[in-house]
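Have a look at the structure below, then the notes.
Here the chain labels run A, B, C and D in written order, and each chain numbers its own residues starting at 1.
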Amino acid sequence: MLSKYRILLPVVSLAVLLALTFWMQPRAMSYFGLNLLFNLAVPIALATIAQMLIIMVNDIDLSLGAFVSLVACVTATYLNDTPALGLLILVALVLGYAAMGAVIHVLDLPAIVVTLGMSFVWGGLALFILPTPGGAAPGWLRAVMTVKPPLMPMAVVAAIVIAAVTHLLVIRSGIGTVLRGVGGNARSIARAGWNVAQLKALAYGLAGLFGVLAGMALVGLTTSADANIALRYTLLSIAGVILGGGEFIGGKVSPVGAVIGALTLTLAASFLSFLRLSPDWQIGAQGAILILVLTARLLFSRRGAAA
Amino acid sequence: MSGFAKPWLWAWIAAGAAFAATLGLTAGRGAGELAYAAMSFGAFAAIVGMGQMLVITLGPGNVDLSIPACMTLAGTLALKVMGSDPGTAWLGLAVALATGLGVGLANFALIWLLRLPPIIATLAASLIYQSLAIWSNRGLRIKPPEGLADFATGRMLGVPNVAWVALLLALATWVMLERSVWGRWLLASGQNLRAARLAGVPVQAVRAATYVAVAVFAALAGYLLASFSGGAALNMGAEYLLMSIAVVVIGGSSIAGGNSNVPGVLGAALFMFLVVSMLNSYGAGAGVKSVLTGAIIIAIVIAASARRSRP
Amino acid sequence: MNHDDNAPVVALTRAARHFGPVKALDGVSLSVAPGDCLGLVGHNGAGKSTLVNLINGTFGPSAGEVTFPGGAEGVRSVFQELSLCPNLTVAENLRIAHPNLKGFGWRRAARAEIRESLDRVFPGHGIDPDAEVDSLSIAQRQMVEIAIGFAPRGGRARLVILDEPTSSLDAGIAEQLLSHVTGFCAAGGAVIFISHMLGEVFAVASRIVVLKDGRVVADRPADDFTRSGLVDAMGHVATEAVAQQAARSEPGAVVIHTPNGLEARQGEVVGLSGLAGHGQAAELARLYFSQTSDWRAGRAAQAVFVAGDRPRDGVLPLWSILRNISISVLPRDAKRGLVDRAAESRLAQEWKARIGIRTDDLDNPILSLSGGNQQKVLFARALASDAAVVVMDDPMRGVDVGTKQDVYAMIRAEAAKGRTFLWYSTETEEVCQCDRVFVFRNGAISAELTGAEITEERILEASFEMQEAS
Amino acid sequence: ESHLADTADKRIALSNNYAGNSWRQAMLQTWEETATQAVADGVVAAADAFTTSENQATEQAAQIQNMILQGYDAIVVNAASPSALNGAVKEACDAGVTVVSFDGIVTEPCAWRIAVDFAAMGKEEVDYLATRLPDGGKLLEIRGLAGVFVDDEISKGIHAGVDEHKQFEIVGSVHGDWAQDVAQKAVAGVLPSLPDVVGVVTQGGDGYGAAQAFEAAGRPTPLIVLGNRQDELKWWAEQRDANGYETMSLSIAPGVASLAFWVAQQILAGEEVPKDLTVPFLKITQDGLDAALESTPEGSVANVSYALDDAQSVIAAAK
């Protein structure tokens, strides 16, 4: 019952914001305009999905932004110069994420701490690779991110594809169901004979995979990288998951919502720049709009359920 | 609780090791200087860390991301009100603490009235506080009154004054957590909010007080830091976001809530300063420094938890 | 699968399990054959749940062995504490227990299987396989868990262990379960049935095993036991009908009156009854919240709460037994806001003795106690306070017979001193001991009974929809 | 003069990635003053300033894309990254928008660059030390924010200078993140393990913090090359009056934003402008200290505001 409302709020907030944006800036209502509004939301959506996969198993990832930055650095250097080595590194990074999940479970460590520590590690590695901004996006990646499909701009197509694939993976598939179960009640999953360490490794590994995709997509758009390029994705992705109707504990997440949450966050920033506020208040207005959008949750929250 | 190995020990051991490793470079010369610097700068991390610890004790999902913005806002407003005039230190302190009170109440209002998850609420609110700080002073750096600056950089019995402040605050926090009814209420709320409420704990009052406390701690740290470093800067709190969380977890408090640890926060605050100093002293580049810091944090957490789960 | 009908499904030989110094199980030998319905009884902390965990492999034995001559498949457990994933739907929860459900269309198969199993065990259950478990009542969750236990799941259930399965079911639904268990065993399945409701055990068990302090003290066909004999074997003197109606004092002034019509006087024990999930628990929670504050807690609370759903509403899991007992009375004994630790430990020692919490050290974590003993801690927490109103939400869930009698007596004594009790229970037997009973139906009060009107028939009558006219 | 009227209906936007220090605040202030005047005079139709909420290239890229949508004719950008904005900048150019980058410049060829030679600035610090301390000695380097272009450039210049003047050796290097409290902390942590230091090379904004750290550690104050913050300059003046302390301040004037504004206006007006322009950095010597202090507001940074003439002469110089 709740899961149905969970998706309603993000959809409504995005629609309202989009309508307001179109009203203020009719130019945005075009193939070209939509692409400009949303193409930088694609890597954010991928990162939000990665964060969602971690939140789904009741953990939280404070290292995601640093990880995406590292991936961006690898993509703009090794993947471009020596593709085979670059690919190898990226695969190793995904495996590293999976290992992190397993270690967190087996040693019963708090994820927030381990990922906090890992954020320094990823950040340091990124600085090794690119001590100064630079590198270049591989041509094919640039082509993928700037392709102009018919009817709908790349950004919209990508968002729909990401949402559909992850919905199938997380909500519809059997293994996705079990992974959500880990967030709901890990003990009963273990009692049913599943190896929870493996499941956590899988969830983290998938998160790593989406983190890698986020980093690659980002480089495809920006054409180059630096060690700090995606640091804000950590908090942005958390906000996106929550905006998308997810909850921090209990395995209650919505991939479609997460993608919409990422789009909403991106759009909110654009909407504000169309408002032309005084520079003093531009930063604060971002906070205010975040609060405003989330306040709509109140309308849907179960009244009286909380203590 | 009794019977447990002491998880806070690890932070102190690590701090000691970093201290020794740094002095290994100089064959022991400069020990006093290094200890003094660690206490000075550790004090700020300790103060915000204790605030963050109280919030984290409230249970999963509770964390205050507005600490840097609150530090900046409090520092900015206090220094602006004082305007370098002698004898205004107490007025400035009052303004800073009032700012903390306001920030804490605003944060809690968002969390309670609008039912926003604390992470998001404090993150969004911090952007507004940042704007307020920019608007109020446009980044101008006003010097603290001379007496206040002398106090903030001064020492008593060889220990920096700011460290004394942190120590007193730690003592008060420890008594509050371990001996007072409020502390029990806080710990109970952190384990299971609903069960605590049904056991008669006034949970909303506890939560409100906690969010106010962290903001007041941050405001005090901002006031002291601005006085210590010769004026408030718009970015002066930035590094205390991750720092405040790191010192809590390195200090051995359970991130799952309901369990916290004051001595650990103090040790971890010293450690966070000393480890950077150690790596700087060994001439590590930014990348190496970052990787090693991360690795050491994880190692400490593993060591502390391995000790805990095998009683 | 082994088709030798005489081979036991599971056999324990001198199996033991120790937790540090605690001998939860101390050399138990036991076997369960196909067609057996084994009733397992014993006081709180006797080792029943530990035995279950040995059989289903949650942990291994410290000594002795557990063997499955016909293989371990088809051995199912329904645990004492609910263990579904609340964020998943009913059908998805079946998928968790049934890893072989794969490929396209698994949802449809899962939905069909759980619906069929629910229909078979609880005809007319009204549970939607696509409902999230979160949105179900505690009784419905229990039903789902039982149905998953009995579902084929790609094979056939051979042994189903039910650890206090009826503790949150009302009488009608429990009846359905019992008849299903009987049928299941008649068809060659085996069941281990754990319950503190001896009536149920007599109704289904072909054999009864009595555990006491980790040892088997009796293992005989059910017909060889009498009710009092069974209680004797468990180690409690039957204090049946303690002071039934005896010390009933004159009720005082009205202390509680809710908009719903619920009324209670000083010194009264007021029962809330009706079918499970008809708004009693919600009414109690509302009442408790209205009597206490989110924001203030004075020296003396007006009301205290005894939770039945322990993990959700009662236990503070990181704390010791001591701290769990004292949390509600801290403000009363505090000096200048500081906890009086001497008074705290005195109080806890006193209640450990009074209510018989089975532990050697009150500083042990609360989770080391058995379910029933945790419940006693919650009683101690409430009764230790001076609150005038005690709100009890199905508080006898999983409490053994002996303790129940002690607690009944304690409640009576406290009521005589002027306290008011509001007591929701799924057991009609308990409700019948009250001074006044409100029966709930569909979230509203359908009858108020007092004195001699309080009978099982009147309560049942008011619980179900009755055609008023005819 | 005739060029002024040509741009009366043009709109210019400032894309800024950070507002969290006094330099950026002064930059925004200068922009606002120049822009308000220019709009009032009818030179341009609008000149709005935008700041991202986070100092990140991704946010700034999105901001630039929004400016394209809003139909600005020119975008003046102080970039978070020299290359990570290239995608967005290219999109702007393709949409017919003039892009002028300054301070933090972008490498995308279609944009104009008003650059400061940061490497030369770093080298000049060491050159200056060589004149003051002919015997050489050990130096402490305070760097900025790791992974950022400007930090790397200045540091490269400093190291090039040290290579040239063999009498100097860098014995310690810490990151002060261009924030004086961070610099103070980093220096305090590394000082105990350092031998005697004769000079400190900085990137501006962190000299005062370094001085405080030396003082707290009870060490003699070395020769610190300063930045342009007012508190640094004031401290310098106090030291000079007390004990004849002598040093130099090197920095970029935040007013370069106004130069960028005028360059953008000139491009819009159809003026032929080379893609690469250079501005000199702001240098304050012992002699100019009092004048600089006088013209700098309390708590702010030393600044120079540029007018149309300045822009025209910079453009002419580059041709």
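Just a few scattered comments:
Operating definition for what follows: a residue touches a chain if its C-beta (ideal position, glycine included) is under 8 Å from a C-beta of that chain, and two chains touch if they have at least 3 such contacts.
Bear in mind the structure is a predicted one, so any value in this text is a computation, not a measurement.
By the document's definition of touch, common neighbours of chain A and chain D comprise B. C-beta contact counts were set side by side for B-C and A-B; A-B has more. For the pair chain A and chain C, the distance between mean C-alpha positions equals 43 Å.
Inter-chain centre distance (chain C to chain D, centres taken as mean C-alpha positions): 71 Å.
If each chain is reduced to the centroid of its CA atoms, chain A and chain B end up 29 Å from each other. Shared contact sites, meaning residues of chain B that touch two or more other chains, fall at 127, 130, 134, 138, 194, 197-198, 203, 254, 256, 286-287, 290. Residues of chain C in contact with at least two other chains: 289. Shared interface positions of chain A, i.e. residues touching 2 or more other chains, are given as 126-127, 131, 282-283, 286-287, 307. Pairs of chains that satisfy the touch definition comprise A-B, A-C, A-D, B-C, B-D.
By the touch rule above, chain C contacts chain B in their complex via residues 288-289, 292-297, 301, 304-305, 307, 312-320, 323, 327-328, 330-331, 334, 337-339, 363, 381, 385. If you check the complex, the residues on chain A that touch chain B are 62, 107-110, 112-114, 116-128, 131, 235, 238-239, 242, 248-249, 280-288, 290-291, 294-295, 297-298, 301, 306-307.
Taken together, the chain A residues at the contact with chain D in this complex read 25, 27-28, 33, 36-37, 39-40, 43-44, 126-127, 130-135, 218, 221-233, 266, 269-270, 273-274, 276, 279, 282-283, 286-287.
Those residues of chain D that touch chain A in the complex are listed here as 16, 19, 28, 32, 48-54, 56-59, 61-63, 65-71, 81-88, 90-91, 145-149, 151-153. Taken together, the chain C residues at the contact with chain A in this complex read 56, 58, 77, 79, 83-88, 92-93, 95-97, 99, 101-102, 106-107, 131-132, 134-135, 289.
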